[in-house]
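Consider the two complexes below, in which subunit A is the common component and subunit B and subunit C are the respective partners.
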Partner chain A sequence: MIKSKTFGSYLSDIIIWTVLLLLTALCFLPLMNMVSVSFSDSTAAQANQVGLLPVNVNFNSYRLLLEDAQFWRSFMISVERVVLGTALNLLLTVLMAYPLSKNTKQFGARNIYMNVMIFAMLFSGGMIPLFIVVKSLGLMDTIWSLILPGAVPIFNVILLMNFFKSIPDSLEEAAIMDGASKLKILFKIYLPISLPALATIGLFSIVGHWNDYFSGLLYMNSSANFPLQTYIQQLNVDVTKITDPSQLKAIASVSNKTLNAAKIVVSIIPVLLIYPFLQKYFTSGLVIGSVKE
Partner chain B sequence: MKKFLTLFAAVLMLLSVLSGCKMGSNQSSNSKSVASPQELKPFGKYKKTVTYTIGKATPGIPKLPKGQTYEDNAYTKYLKDTLNIQSKDKFEAQTGDPYDQKVSMAVASGDLPDIMAVNADTLRQLVANDSIADLTDVYKSSASDFIKAKYNSYNGRALKAATFDGKLMALPSTQNANIPTMLWIRQDWLDKLGLKAPKTVDDMEKVLTAFVKKDPGNNGKGNTVGLALSKSVGGNYGSLFVADNIFATYNSFPRQWIKQNGKVVYGSTTNETKQGLSKLADWYKKGLIDPQMAVRDSIESLIISGQAGAFFGPWWSGDYPLNSAIKKNPKANWKPYIISKNGDGKITAYTQNPVSEFYVVRKGFKHPELLPKIASAINDKLVREDKNYKPVVDFVRGGYDGGKPLNVMINFNDATAQMYKDLKATVDGKKDPKSLSLDDSTSYNNIENYLKNPKNPDPNAWSGYTSRIVAGKLMANTPIKEVNPVFFDQTKSMKLKWANLVKLEDETFLKIVTGQKSVNDFGTFVKQWKSTGGTQITQEVVQAIKEK
Partner chain C sequence: MWKRKYRSGQLGYHLMMAPGMIFLIIFSFVPMFGIVMAFQDYVPAKGILGSQWVGLTNFEYMLQIPDSWNILRNTVLIALGKIIFGTIVPIVFALLLNEIRLKWAKRSIQTIVYLPNFLSWAVVAAIVINVFDYHGPINSFLQAFGHQPIMFLASNDWFRTVIIGSDVWKNFGYGAIVYLAALTGIDPGLYEASSIDGANRFQQLLHVTFPGILPTIMLISALNLGNILNAGFDQIYALYNPIVYETGDVIDTYVYRVGLLGQQYSFATAIGLLKSVVSFTLLIAANKLSIKFANLRIF
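The block that comes next holds the complex of A and B.
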């Protein structure tokens, strides 16, 4: 079919493109400014003279960030946390969501589990009880303190459970007819067609683990064990609160502004790298072609 | 019903007593030290290495020399060498909120480090829980005379803050005097316009008007800012960009609890403060104050870029932010001046809380004398007798930070003025540069560099000279009528209501200055302030002062 291009369709194309470009600029320009500031001369940045292009390009802030071993150590801790944490999150989410997607006839205690989970999601014990639990379990200063307290993300469980519910029962019935076990049904049939949902909650987990600085602050006693975001958060100095001249010396040597920008740039790189790989799953169809009704 | 209530109250009391006991479960082991008389002396060395755990407050930017850690660096080595003690970090966190977080976790879980720094609020809590040691005796036996003299320079105000029922429960870090703040002004602009340096508030108005109208910095019409001012208009002791100097000419002391005509009042609610605000509002209306002050996120940028002609700041403004301003434009000649009521150079100013944080020892720790000993070693022996101790000298010269296991700082109240006198005497050749303290000798190098080449100085040399000689001289020579605020602590109702009251105050002040509210609305603010908790808090403050 050949589309004839009328004036109206041209006009609407132009409008759509303009709006989209404006929106893109809106998102992109602050980021661009951030990158420019991070490469700029610190006095120029302090004087608010950096726009979209760096002024007097230099790498001082990055040098300060990269020079010390702690940065890389923290980086690796964060990577380890994301890999372990996301794997555990996905495994537990899947194992939990599958039985919960069944009705009470198939799984009698379903509602009890469901209520307990929703209760736990709405009412948490609070920071201090959680801290004491983690401490008494001997998890302080270990990577597990960052992973285990959030090992079952209930919100994701509900998300995946609803997705599983939308899968036609006939698929499972057909598998049962062929003699498949429950585990086999879950891993060989449900999971392959749930890739979009898994990609979504996987991304949630990755971003959540990567961006979280607070649990590192809470559960790590030695600053050598801080994950990247906690480490970066510690670099943030509020200049207006300082009245001690000796501390100012250290700060004056590097502009807080360029350093902050460098931190932000570094911390978004991994997520930026991962995103395109997961994105393709979001657009691909859900259960297209699995059964014919 | 009444019976039930009494029973209920009794059970509650029992519970609170029980929980109180649990917190201080170590109390059976008396907090008497096990040290020998020799080891109790301020600089007595232990026979066997004593290991102690601490809550370590780290600087924002990790700045340790390569190979050194928070537990093993120049300072811990020094303490090991002189006292034979070794620190171990129970937790490490950045000074400020992250550190406070860790402390409250430690308190909540009842697992305290042997020594740590806490704020006034936590100190009271720890005293009430009976979980920290009484330091009265060990302070007497193990703090050096020099340290005691330093504490005494505050006329007892410093240690009083840490004393409960006559017992010394903590060693405070002191905050020495940093007043007066000064008006920093572009001397090159003054010269260009042929103006004299301002002495009074009216002079200042004339100068600012000329700056804004005549644009001596060639910023383009309308781009010159007269006075750079912070959103929180006044009341932050010794900090940058507040207008305390102006308020003080009206005898107004915002955000301070002061005695006025024999009554305790909150400075922000006085009629004098209204007058100060109306002056600032007038200036704002005339365009003399940064028109974007309400939304300005970096005031420093105004000064560094050369848009602003004046700001209020303490003596160290030469180091920050002016160091960057000079780097940006070496011709920006900033100079400090004193603004006084009649131009006679005599000013009124409020003093600050003499203590910042409190160092406490866990009850049950076998060596409570360690705290005064460490404080003495760091603030006395190391800065005087052992000031040439090489590892620490290298550490300081290298610009490193965060080595001291405990940041307990004890200075004479007039430490800044003394610093100026020492440096000045050295510059005049009356004092041997070798006799200067470590910090001062670094500053002296900068000053020497400046004096070698005053026409075209290196920014660091300029900063060193301007802060410590030019501004230092003003500080040491300006006669100050001191107003001592009567209360720095928190009261019960403050915990709930203070944040809101401060918000109300901040908003009202900013709106009045920027003309969104008329000065006459000040009365409404005072009424609202009083009715939403101010009256009750004032009563509590009066009560607390009586009890102290």
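The block that comes next holds the complex of A and C.
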């Protein structure tokens, strides 16, 4: 393209870059500050002297954090939840997406199942009836209360179903001729060509399980059983319980800023580790989603 | 022969559906029957079968107390604010980013602004509390210009703004992805043709780019319509406090606090039921709208 640079186009370039860099800084700076606080001297942090760079760099808060038994207990509960929860999510998604990807001639009850699932996705009994169900099943204070209620991610089932639909029937017909079972067709033919779609769904499942703090609060009576994000949320709880504005000023000076910052930073690390993969797949996730039913 | 074999395979399909359906029955459909609690005076010790039926008493009570109107107003105001700014900011960001030709700069900006979307509200709440602290950066900034510091999170004038603002902060980058995808779909020939006709950048934006992404904007807006009663429980619960109940309490936080913590199970279920019914209706309407205007089924 031929471009003649006029004054107007320079000006618009400057405006575009300024706004973009401002927006980017707005996203980056608060995170950077959190990291800096975690490496700073605690009196400097308490006095709000830490900006973008740490003041008197030290690792004290991380040393303290290593000895914090409850933090690591919660960390491991979250890891366990992510592993079990994602595995169950993926297994059920795959098993349901395959029959649903068939047409009504191949699978007569397909539309009935589909409508039941869409209804379950759009309508819910609400927080309290679900809570009572989880409680009466005796799941309170167990890891299963965090995993089983969300075992079927209906939206993901629909995404994967749409992906399966795009796989040509001829592949399957050949396998049927060879006498392969449905399960074998699913795992030997469909899954290997669906790896990018599965990766997308799996990664979002991981992030969802890792980041959810509320189910931990809802279903765990004992704070010893809190998953990590619930534990993190409890660090802020002073602020959410104030009843008088003057309390807000006092809180800042008592809470242990550097240690809390270190806890938050460590709780983000697993997300950062899978972030490159997420970035690779989330656009493709959108593409899968846009396939029409 | 071949056909029979194919049909007999249907049992296999049912078996594959079974595990997931069992979970859905237990954790989606059984709770739906729990909705009958809304028409009872539910006492946990007696259970649903033993509790007394009270007809519409819970709903009548809901209409009488001022709390109801308060939480409805807060919910709709916060949700609307999020929908409006959560649509405009990503579009503006996507349009600006689309103007950038430097690949590495574009990639770096994207990497940074997508990140907050993947942080939990527990973490983002900690960041928000930090930034809007009485001695925090925003207040230092205000003081530098001679303003009095503001206790944003304990101020009924500011709480909703902080909620909407932090939600936009967390989600605008990720929300821009759909628009960026729509922008790449615009035929480059249109830009060439318009520049031959003497259109400048701004005119191109108005007459080529904007019409190109309009269907996407319509679709996303239709989807958002179903969220008008979802003000964002996880976020508000992590940030609010009794001082700002007046402006920050929404349906979901109220149901949790009064219903679960305050053990008014039946009353809160009644509120939750109304919310579910309205949201369901809106989602169906949104689907109809999107089929009509964008020719795309949402579900």
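Here, the second predicted complex is superposed on the first by the 198 of 293 C-alpha atoms of A that agree within 3 Å, B and C clash if a C-alpha of one lies under 4 Å from a C-alpha of the other, contacts with A are read in each partner's own complex, and residues count from 1 in each chain.
Everything below uses one rule, namely that a residue touches a chain if its C-beta (ideal position, glycine included) is under 8 Å from a C-beta of that chain, and two chains touch if they have at least 3 such contacts.
These figures come from a predicted structure and were not determined experimentally.
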Which chain makes contact with more of the residues of subunit A, subunit B or else subunit C? C
On the A-aligned overlay, A:N48 touches which partner chain: subunit B = first, subunit C = second, or both, or neither? both
Using the superposition on chain A described above, determine whether A:A151 touches subunit B (first), subunit C (second), both, or neither. second
Touch test for A:I112: subunit B only (first), subunit C only (second), both, or neither? neither
For A:F28 in the superposed arrangement: first (subunit B), second (subunit C), both or neither? second
Could you tell me if A:I128 is touching subunit B, subunit C, both of them or neither one (first, second, both, neither)? both
Tell me which partner A:I14 touches in the superposition: subunit B (first), subunit C (second), both or neither. neither
First, second, both or neither for A:P99, with subunit B first and subunit C second: second
Quick one: classify A:S223 as touching subunit B (first), subunit C (second), both or neither. first
Shared subunit A contacts, counted only where both subunit B and subunit C touch the same residue: 48, 128, 131-132, 218, 233, 235-236, 239-241, 243, 245, 248-249, 252
As the complex stands, subunit A meets subunit B at residues 42-44, 46-49, 64, 68, 70, 128, 131-132, 135, 217-218, 221-224, 233-241, 243, 245-255, 257, 259
Mind pulling up the subunit C residues that touch subunit A in the complex? 5-6, 9-10, 12-14, 16-17, 19-21, 23-24, 26-35, 37, 44, 92-93, 96-97, 99-100, 109-116, 118-123, 125-127, 129-131, 133-137, 140, 151, 153-155, 169, 172-174, 177-178, 181, 192, 195, 200-202, 233-234, 237-243, 252, 255-256, 259-260, 265, 268-269, 272-273, 275-276, 279-280, 283-284, 296-297, 299
For subunit B, which residues count as touching subunit A in their complex? 58-63, 69-70, 89-94, 96, 98, 101-102, 105, 108-109, 111, 175, 178, 230, 237-240, 298, 300-301, 304-306, 314, 316, 319-321, 323-324, 327-328, 399, 401, 439, 467
Within the complex, subunit C is touched by subunit A residues 1, 8-9, 12-13, 16-17, 19-20, 23-24, 26-28, 30-31, 33-34, 48, 51, 91-92, 95-96, 98-100, 102, 106-110, 113, 116-118, 120-134, 137, 148-152, 154, 157-158, 176, 181-183, 186, 207, 210-214, 218, 229-230, 232-233, 235-236, 239-245, 248-249, 252, 260, 264, 267-268, 271, 275, 278-279, 282-283, 286-287, 290, 292-293
